[in-house]
Amino acid sequence: MSMNPVIALLGRRLRLAVIGGGPGSFIGAMHRMAAQLDNRYELVAAALSSNPERALAAGLELGLAADRVYGSGEALLDGEHLHPQGADVVAIMTPNDSHFALASAALERGFDVICDKPMTNTLDEAEHLLATVKATGQVFCLTHNYTGYPMVRQAKAMIAAGELGTIRLVQVEYVQGGNAEGVPVKPGAWRHDPLKGGPSLVLGDIGSHAHNLLRFMTGLEVAELAAEVGAIVPGRMVHDYAGALLRLSNGARGNFWVTQAAAGVENCLRIRVSGSLGSLEWEQEHPQVLHFKPQTGPAQIRTPNGPGTLPLAARSSRIVKGHPEGFPEAFANLYSDAAEAIAARRAQVKPDPLALFFPNATDGLAGVRFVAAMMESATANGAWVMLD
Amino acid sequence: MSMNPVIALLGRRLRLAVIGGGPGSFIGAMHRMAAQLDNRYELVAAALSSNPERALAAGLELGLAADRVYGSGEALLDGEHLHPQGADVVAIMTPNDSHFALASAALERGFDVICDKPMTNTLDEAEHLLATVKATGQVFCLTHNYTGYPMVRQAKAMIAAGELGTIRLVQVEYVQGGNAEGVPVKPGAWRHDPLKGGPSLVLGDIGSHAHNLLRFMTGLEVAELAAEVGAIVPGRMVHDYAGALLRLSNGARGNFWVTQAAAGVENCLRIRVSGSLGSLEWEQEHPQVLHFKPQTGPAQIRTPNGPGTLPLAARSSRIVKGHPEGFPEAFANLYSDAAEAIAARRAQVKPDPLALFFPNATDGLAGVRFVAAMMESATANGAWVMLD
Amino acid sequence: MSMNPVIALLGRRLRLAVIGGGPGSFIGAMHRMAAQLDNRYELVAAALSSNPERALAAGLELGLAADRVYGSGEALLDGEHLHPQGADVVAIMTPNDSHFALASAALERGFDVICDKPMTNTLDEAEHLLATVKATGQVFCLTHNYTGYPMVRQAKAMIAAGELGTIRLVQVEYVQGGNAEGVPVKPGAWRHDPLKGGPSLVLGDIGSHAHNLLRFMTGLEVAELAAEVGAIVPGRMVHDYAGALLRLSNGARGNFWVTQAAAGVENCLRIRVSGSLGSLEWEQEHPQVLHFKPQTGPAQIRTPNGPGTLPLAARSSRIVKGHPEGFPEAFANLYSDAAEAIAARRAQVKPDPLALFFPNATDGLAGVRFVAAMMESATANGAWVMLD
Amino acid sequence: MSMNPVIALLGRRLRLAVIGGGPGSFIGAMHRMAAQLDNRYELVAAALSSNPERALAAGLELGLAADRVYGSGEALLDGEHLHPQGADVVAIMTPNDSHFALASAALERGFDVICDKPMTNTLDEAEHLLATVKATGQVFCLTHNYTGYPMVRQAKAMIAAGELGTIRLVQVEYVQGGNAEGVPVKPGAWRHDPLKGGPSLVLGDIGSHAHNLLRFMTGLEVAELAAEVGAIVPGRMVHDYAGALLRLSNGARGNFWVTQAAAGVENCLRIRVSGSLGSLEWEQEHPQVLHFKPQTGPAQIRTPNGPGTLPLAARSSRIVKGHPEGFPEAFANLYSDAAEAIAARRAQVKPDPLALFFPNATDGLAGVRFVAAMMESATANGAWVMLD
């Protein structure tokens, strides 16, 4: 295989424009690293701030030409659309309430799109965006980055291959301590503003990741849920915890728990999937380890490129076994897979089917629906709600 | 302190009679080891089987005199009651449906009682038994053995001392794989017979442990719950999973998940308690480790007899730091604490207050109530149920 | 199988007398618990202190009859020898320099002997003691207790069964922090007195355990070694670290490192054995876990009573899988195996061959030889020394 | 701080040329990722193979202009030296025996140099190369990549700040299973050819890493060593294991063990450093965790950006706490630090002192000396050898 399938197909890297993620943004830096790591994208344009002066300064800091630095996402879309060597791909990492308009506009102008999660704040927007993606036929990648870890993909592949038998029970939790203290919300903290951040802080921020991880790994949908969502830190106006009992599309049962108010906990995204033949356990803080506990035979520790590695996991790791990869590489897997899909589309060839496991607009809609159903159930004091 | 507080008070060990736990019983062997480990009890009598011949053979194998081997619990209670050197304490490890009658009869004859969990199968029985305990003033110890682990007691003591601040969030799970396969139930498997095993296999077997662990560690009660309880293995008639969202007595929120159908999982009893100042995490498969994650300051690994050990934990460990203790020692902590309480009662002195943390009939009633509330909520399709 | 093979053979438990291990002694308490746990011994006599008054008080605290409490080991041996219901077995847990005389005298009087390690302080004594054991035909059990852990025994059995292929490389370390501070030595601290404690504190205390663990697990002998032994804490007169390169009897190579001066470390006894087919890793602080890393196939976590458990390990565990056992149970495995051997000898039947894996006088001599060779090499500035 | 300090100083990224690391090379891909991750280098030229056709094909696959693809390192150095927009920096990842000539030639032509380890195969070469680096004043970065991990740097900073007190004991091991099988050596496998790979396969490949990690973390030198080096896999002509006892420059003692023949082990690079105030433990397979065990106070788990993070570690991590980074990020830390040093040199400003912790030619010489001393001691049957 080529060392760079994008260059192999197009003779050059994809031209990338980013909207959002300016100085001080963690996720902005991650998006750019993810794009750079495998050298499949060249950053050519950016709108890094809604303040034009700061946007310019930041763009120059990233080494962009001054005429490719824009003061708004809209200006960027227009400018790059007209530019003879304009961007191929637009990556959006702005506050959640702007995803819909920016992504829609980008798609309509022919860009392929990479968008941070959650896809949108409302169901209506999500349905429309999915329709636009389908209508345009362009690539839409939603950065549910935890699906990029090699051992998450190994788990998905093992389950898909039947190594767990019938899935019966799933537990997923995402527990953080970042909002354990009841500090006053800073002005401009858009995550704490439901109009911008969406209906539920904890569900948008991390609940959507937990839900997507469950779907990705098991291939099942949440069919029904009974939930409680609320704020446990005194005085808080946004949600900081959510729990639910789940019924999955094949009749399996599940448990869901997310919070950002667990003081001292760093980033415990953890899942256990049990089938008729065994269980899998994975935890984001130690992402290279996948515990496989067969019903018969000793428990196994699966690692990237170790024995039993399936193709989807093998292509998702850059290293020899025993060496760790982390969050940036997982994030980069989404970017690099999307790059393969985009390059194939533009070269009018069939992409490698294994490149198509990045989250897309259908996943984005499922996530928005899940958040809506969680809210509906919680409002109904935990009544079971069906997702269609 | 004396090397043996019972001998120090009474001049001899307590005389123990056991009902149940004959050949092939795991829990019977554990009860006897727990009694022997610290040399506070002398086994003097037993009713090890309802089959008189097997009861005799087993009693002789344990080194008992033939006239102290009984063919039934009732015979044992009568015989030891009349015996001039009769048992002081009766330990009951029979099928759940017999706990009530045997414990009541034992108390009424003046024995102190150690009883396996769950205390009873019905609320009515539990309330009556608690009343009997209170009326007699004798010691009643319920072997929720996980509360005997040194680091569980350390966690309780740290929380009681305010080291976690206000408790806000609790997750408790007990996940096993023992019933992952849908094998036909053997005749006589009393656990699979609701009339003997109680209304819910999974809740009686392990759910009651998880609930009690939560109460013991936090000092809080489950005030309300919304639950689902069921069987996920095809063809099974008894429950093999149960999940619930919890509201605790101080307003904290919780998540509860137990199952015996998680193929390949051994014995994952796990709890995380988060307060305003930090979180504690404990897991039964590695019981010597208590993770303390303060909101400020680095995460800590607390171990028995390590720095910061509080008195309740210190008295619950027999070893120098770095050496492991296990399930038998935790079990023995209940027996040995109960022995101190019993010896003090019989010597008419005040016991060491730290000896009084073994689970008792009040805890037993709380457990039976919890199971009943879980069933009630599940039957009402997950409606919130209040526990009084 | 009988619930108590000693009672099955003899109709009663073995009568045990202990010398040493009085109030405040950790190891004394461990010996007594180890004897009690499986109910194969009845403690009938003790010499718990060289101070007669303290010996008596302590004996009474343990519930002994006053006339079975002795003021010295010699008095105990004489008294119990003459007593019509005298002890069968004598357990010795006195300072190292007294092991030889007490064990020899006990054997000569017909007692079976359980003795703490190291067996003796000098090679000459060790050779004589082994000769006495052979001459008398009585049981001699040396409490290298780490060989009692189920997963250590599983490792031994797997290696013996060829599951690792040819053994090539062994690393063993025993690292503690107990002597990390240069505190003044208390008067009477016999371990710090080479005349009593032996030629090397760290080697006698823990080096002998590490060496025995290597031998037990691999079935190989240390054939040659090149060592350094010394004191790293300023002002210390006894050894607190020792390292060596090893050549084993089959040509395998090894690495050995022990210290009690690693500040903050609890009790890291750790071994890795690599053969042509895979590696095994075990660590005392998490004794229930045996890592098996086959050269082909995924890494495995082996646990007591889990899949693949071999008979030697199966008989060394009392619990169902997923429940932890610890140091007392491992210690008790030696006592209980020795009890089976003693009972069989006394009943003149063949013992279960699997009961004979407790360390014996041959192992004790090997340990004393190892310490002597370490000292010889270190004195010769690390020259390679052959052990015969 | 700027989002890109190189662009901030130079107005552009550094131009990088690479020699070696063509298709199929793990380390070549790592070097290029490390250069790309933080966008401080632009790859402009390469000599990826000694076969001109393959070199051209590979260069084009990486997106290079055909006239910047060279058929040999020498041609690249000449071509880029003359090119008006020629490379600033040359990265060398060719077989070990070529490092000296290529690095010397690169330095003499004014390039800054990044070179894979070991620096050279002979002491003489190492001394000359260090002299050339000093004479030219250019930057020389040796990719002992394990020093780039945030928690390795945290450990170094804690030790430098005195948090461990006086260093007394160090254990370092690097254990792999990659050469556990005695497969026939493939033609062209330069590592197995001492003329190309250097005097000792295992010492050059991983022993040099273990040695450098010890030096980096502790700030101490190996002053004396007693070693054994050899081949344990039957029929092997190159070394696959090496062990040593160490005396460090401050009188501390150490233990060293490396092998590539431990079947089934992945990549266990592990170090424990004990000082008078506590111990630190780190393991490459879980690089985000630094165990700190103070002599007083509970054991701590330190993580990137967690409480107590020192500046050297803080600048070495790109993520929020609880998210993993891995090998590529650690590798990139060396590249990015070197880039800061190079940019500062070229801009004639003082670099950030914290950017200067990448391994350099002095470290490279120390590594070559260490290998030579290991060989000398082993040849002298383990005699102690002093390093000057």
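Structure notes:
For clarity, chains are labelled A, B, C and D in written order, and residue numbers in each chain start from 1.
In this text, a contact is a pair of C-beta atoms (placed from the backbone, for glycine too) under 8 Å apart; a residue touches a chain by one contact, two chains touch by 3 or more.
Computed from a prediction, not measured in an experiment: that's the story for all the values here.
In a homomeric contact, the two copies may use the same or different surfaces; for chain A and chain B, over half of the interface residue numbers are shared, pointing to the same surface.
Summarising the inter-chain layout, the chain whose CA centre lies farthest from the centre of chain C is A.
Separating the CA-averaged centres of chain B and chain D is a span of 55 Å. Computed centre separation for the pair chain A/chain B is 44 angstrom, with centres defined by C-alpha atoms.
Averaged C-alpha coordinates put the centre of chain B at 34 Å from the centre of chain C. Along chain B, residues 265-266, 292, 299, 303, 306 each make contact with two or more other chains. In the complex of the two chains, the chain C residues touching chain A come out as 292, 296-303, 306-308. Residues of chain B that touch chain C in their complex: 2-4, 7-8, 12-13, 23, 26, 29-30, 32-33, 36-39, 43, 58, 60-63, 176, 265-268, 284-288, 303, 306, 318-329.
Residues 165, 168-169, 171, 173, 175, 177, 180-181, 226-228, 230, 232-233, 241, 243-245, 252-253, 255, 257, 259, 261-266, 272, 274-279, 292-295, 299, 381-384 of chain C touch chain D in their complex.
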